[in-house]
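After the structure tokens below, expect a handful of questions from me.
Letters A, B, C and D mark the chains in the order given here, with residues in each chain numbered from 1 onward.
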Amino acid sequence: MSSKYKDLKQECYEANMQLNALGLVVYTFGNVSAVDRENSVFAIKPSGVPYEDLKADDIVIVDFDNNIIEGELRPSSDTKTHAYLYKNWPEIGGITHTHSTYAVAWAQSQLDIPIFGTTHADHLTADIPCAPPMADELIEGNYEHNTGIQILDCFKNKNLSYQEVEMVLLGNHGPFAWGKNAAKSVYNSKVLEVVAEMAYLTRQINPNAPRLKDSLIKKHYERKHGKNSYYGQ
Amino acid sequence: MSSKYKDLKQECYEANMQLNALGLVVYTFGNVSAVDRENSVFAIKPSGVPYEDLKADDIVIVDFDNNIIEGELRPSSDTKTHAYLYKNWPEIGGITHTHSTYAVAWAQSQLDIPIFGTTHADHLTADIPCAPPMADELIEGNYEHNTGIQILDCFKNKNLSYQEVEMVLLGNHGPFAWGKNAAKSVYNSKVLEVVAEMAYLTRQINPNAPRLKDSLIKKHYERKHGKNSYYGQ
Amino acid sequence: MSSKYKDLKQECYEANMQLNALGLVVYTFGNVSAVDRENSVFAIKPSGVPYEDLKADDIVIVDFDNNIIEGELRPSSDTKTHAYLYKNWPEIGGITHTHSTYAVAWAQSQLDIPIFGTTHADHLTADIPCAPPMADELIEGNYEHNTGIQILDCFKNKNLSYQEVEMVLLGNHGPFAWGKNAAKSVYNSKVLEVVAEMAYLTRQINPNAPRLKDSLIKKHYERKHGKNSYYGQ
Amino acid sequence: MSSKYKDLKQECYEANMQLNALGLVVYTFGNVSAVDRENSVFAIKPSGVPYEDLKADDIVIVDFDNNIIEGELRPSSDTKTHAYLYKNWPEIGGITHTHSTYAVAWAQSQLDIPIFGTTHADHLTADIPCAPPMADELIEGNYEHNTGIQILDCFKNKNLSYQEVEMVLLGNHGPFAWGKNAAKSVYNSKVLEVVAEMAYLTRQINPNAPRLKDSLIKKHYERKHGKNSYYGQ
């Protein structure tokens, strides 16, 4: 049962379990994948398996054309979306999809999450984009593949970089987040949920709450990112 | 103390304890039943027993005419509603009733829960129906039996199938959910509560949030249900 | 160290710890007392002692004129309110005061909590009353004693029975609840918090949500209370 | 590895861990410091270290001019704000900064938190002040140092005493709280979050909820503070 993908499966397994521990999923409403760029494959949660039953050995290895390379179980039903993102965004190492509550509420509202404060600006300088629901023919076609296209179209239309904005809402569906590895994509999913709740409460308190001023956006983002960052070790 | 219904009681007991673990009940505000179609009886939680004290042996066996077949304790005060649903809906195997917070809030608002997103569409294609409060004479009569009639009338009036829509709100009261077995009815109760919270937040963010488009409803429901489903193992 | 009030202290201690376990208090923001009618004394939490440090021996015994009968520590700063209620309401056995979140929010809004559903009607048939803030001279005088007077005045003005309505909000302050013993007063405090949250959400969803109809109020209350009740064992 | 600051580090470490246990932070979104007035230094959390990995030995010792006196790790990115407050406010012994949810929502709304009830008045007699966002040149300059100036300016403009009002919101950022020691500053951070949630809910229920009347503010504050206080032991 030895596998050249043992470490990749383990990374993917741990990130999926972290998703559960952080309260971002109930039942099977989410999935995390981790990529192996050298072999052009990724590890992903099997479809519909409850977290309490999940084992590292259950993780499925898939290539970027959605062929199952290793694994007994059917991979996540969202696998084609992951594959499309890995294929088109060479710098990402992990992807997380959830139905976390506040992120879904914004997605169902079909609204970008405005940048209201420094918690948001510590992680990205733009509003968190909400991709519009797909056209009917794309939904009826290769749906999960087209979901990937929809995300890339959204980033192109809004002139966003996937390396700076590591999260997106799919209108009427929910969030996807990514990062340099699977754990970082889970982290970004949690940040998104926290920021989504803060933005929700802010608008309830003050429907006219102003967007964060540019100088604060710049300051906080640069504290954590880029060559002059001074946050962390 | 051996009983031909030992396994049925155990199934019912475990589902009731799951209800508690999922945060869907406080104190004794809920009950789960499990049916044995072969013997035309069901197992149900005894009335007013706290979950921390509940034992599998406490579970009561009742027939579809509300006669106690086995058990020392009085069955749930909602027993007649369960009996009516089992008698009239031959395909269900378990029923759950709770007073979970967001589902009750919608029930108290006397509003159906609109289908706003794919979390909802993954489980049903209709708005979650809210049955109107009963007429006074039905309340003053055989109340819990009439509650069952009220649910069936609601499904008839809205032209819904109990096999596709496995949950309902009772106006000013709270939710009932059902499924192929007791565990599935608890699952549906949790899904209802999650969807109720998401719909609540969505309307707070965007009072004009649109209903999910038909193509997405169809796509997500069919991913999980029917002959071409491809979710799960 | 033996005490004739050992059992009373233990009852009071356990009820206070339950308050903490139910999430109704942070830090020292609450207190429970238990009465001994035979000896006309009650046991109450000492003032300002964190729950994690509380021991049954710390509980203070006080008479209805606020004299300390037994105990090394200063009793709760709200002791005089408890004493006044025990003195004037001979049928109650325990009292709980908290600053639980949703109950406080209604108290700060100076509004009664409308009876919107059966969760509420299972416990009382009236709106949960909110006593108005006291006149300045009563606040500046014997404040905690006058708080008791304010509660009784509220019940007199609204023509309520303390045996049927076992809870009240103090305007701009928070809830008091009582019952046949200390544990039941904690139970009523939790019910109040749950009902307060449900009513909050209901009004957010539907600002015109109607009050529960009289026939349902009567039915649900009488299921649980009175000579024809059929809830519980 | 013995250090003259061993106890100070331990105090700081325990207060930081408490912050995490109280649900006031996710990941590394917060920091606590503890001062040693005799040596004019303070202990502070290292930057970007997750709470699950934090050890007492990781705590960094810094003087009031931001020089690192002891420690292998880089101190919190907010260190200069802590230093400025310690230097200018001689009576404080600990400082806590968080991004707790409701406090951030008010900060993002750029609104003071109105004093609506006695939970608030038990701790301070003023609205919880929200300092406006800084001018661009202060943000672009010595940002964390200027944050300290911004807090002191806010207190001067509103004529507040830092010894009576032990908390502040930074507009579009989040809360700072302080107290006689590190543990008390964490306590005040939790009180702020609780009061922020209560005030949020109050305004949702009743947008015209009145400010607490002066006699109640005075009474509750003086129960807990000053020479005639009678709360606690």
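Structure notes:
One rule holds for everything that comes next: a contact is a pair of C-beta atoms (placed from the backbone, for glycine too) under 8 Å apart; a residue touches a chain by one contact, two chains touch by 3 or more.
Not measured: the values here are computed from a predicted model.
When chain centres are set by their Cα atoms, the one at the greatest distance from chain C is A. At the chain C-chain D interface, residue numbers used by both copies make up under half of all numbers present, so the two copies contact each other through mostly different positions.
Chain geometry summary: the mean Cα position of chain B and that of chain C are 33 Å apart.
Counting partners per residue, chain C has 204 as the residues that reach two or more other chains.
Across the complex, chain D meets chain A through its residues 26-27, 29, 46-49, 73-74, 77, 99, 101-102, 104-111, 133-134, 136, 139-140, 143, 172-174, 200, 203-204. Across the interface of their complex, chain A is touched by residues 116-119, 187, 190-191, 194, 197-199, 201-202, 204-206, 209-210, 212-213, 215-216, 219, 223, 230-233 of chain B.
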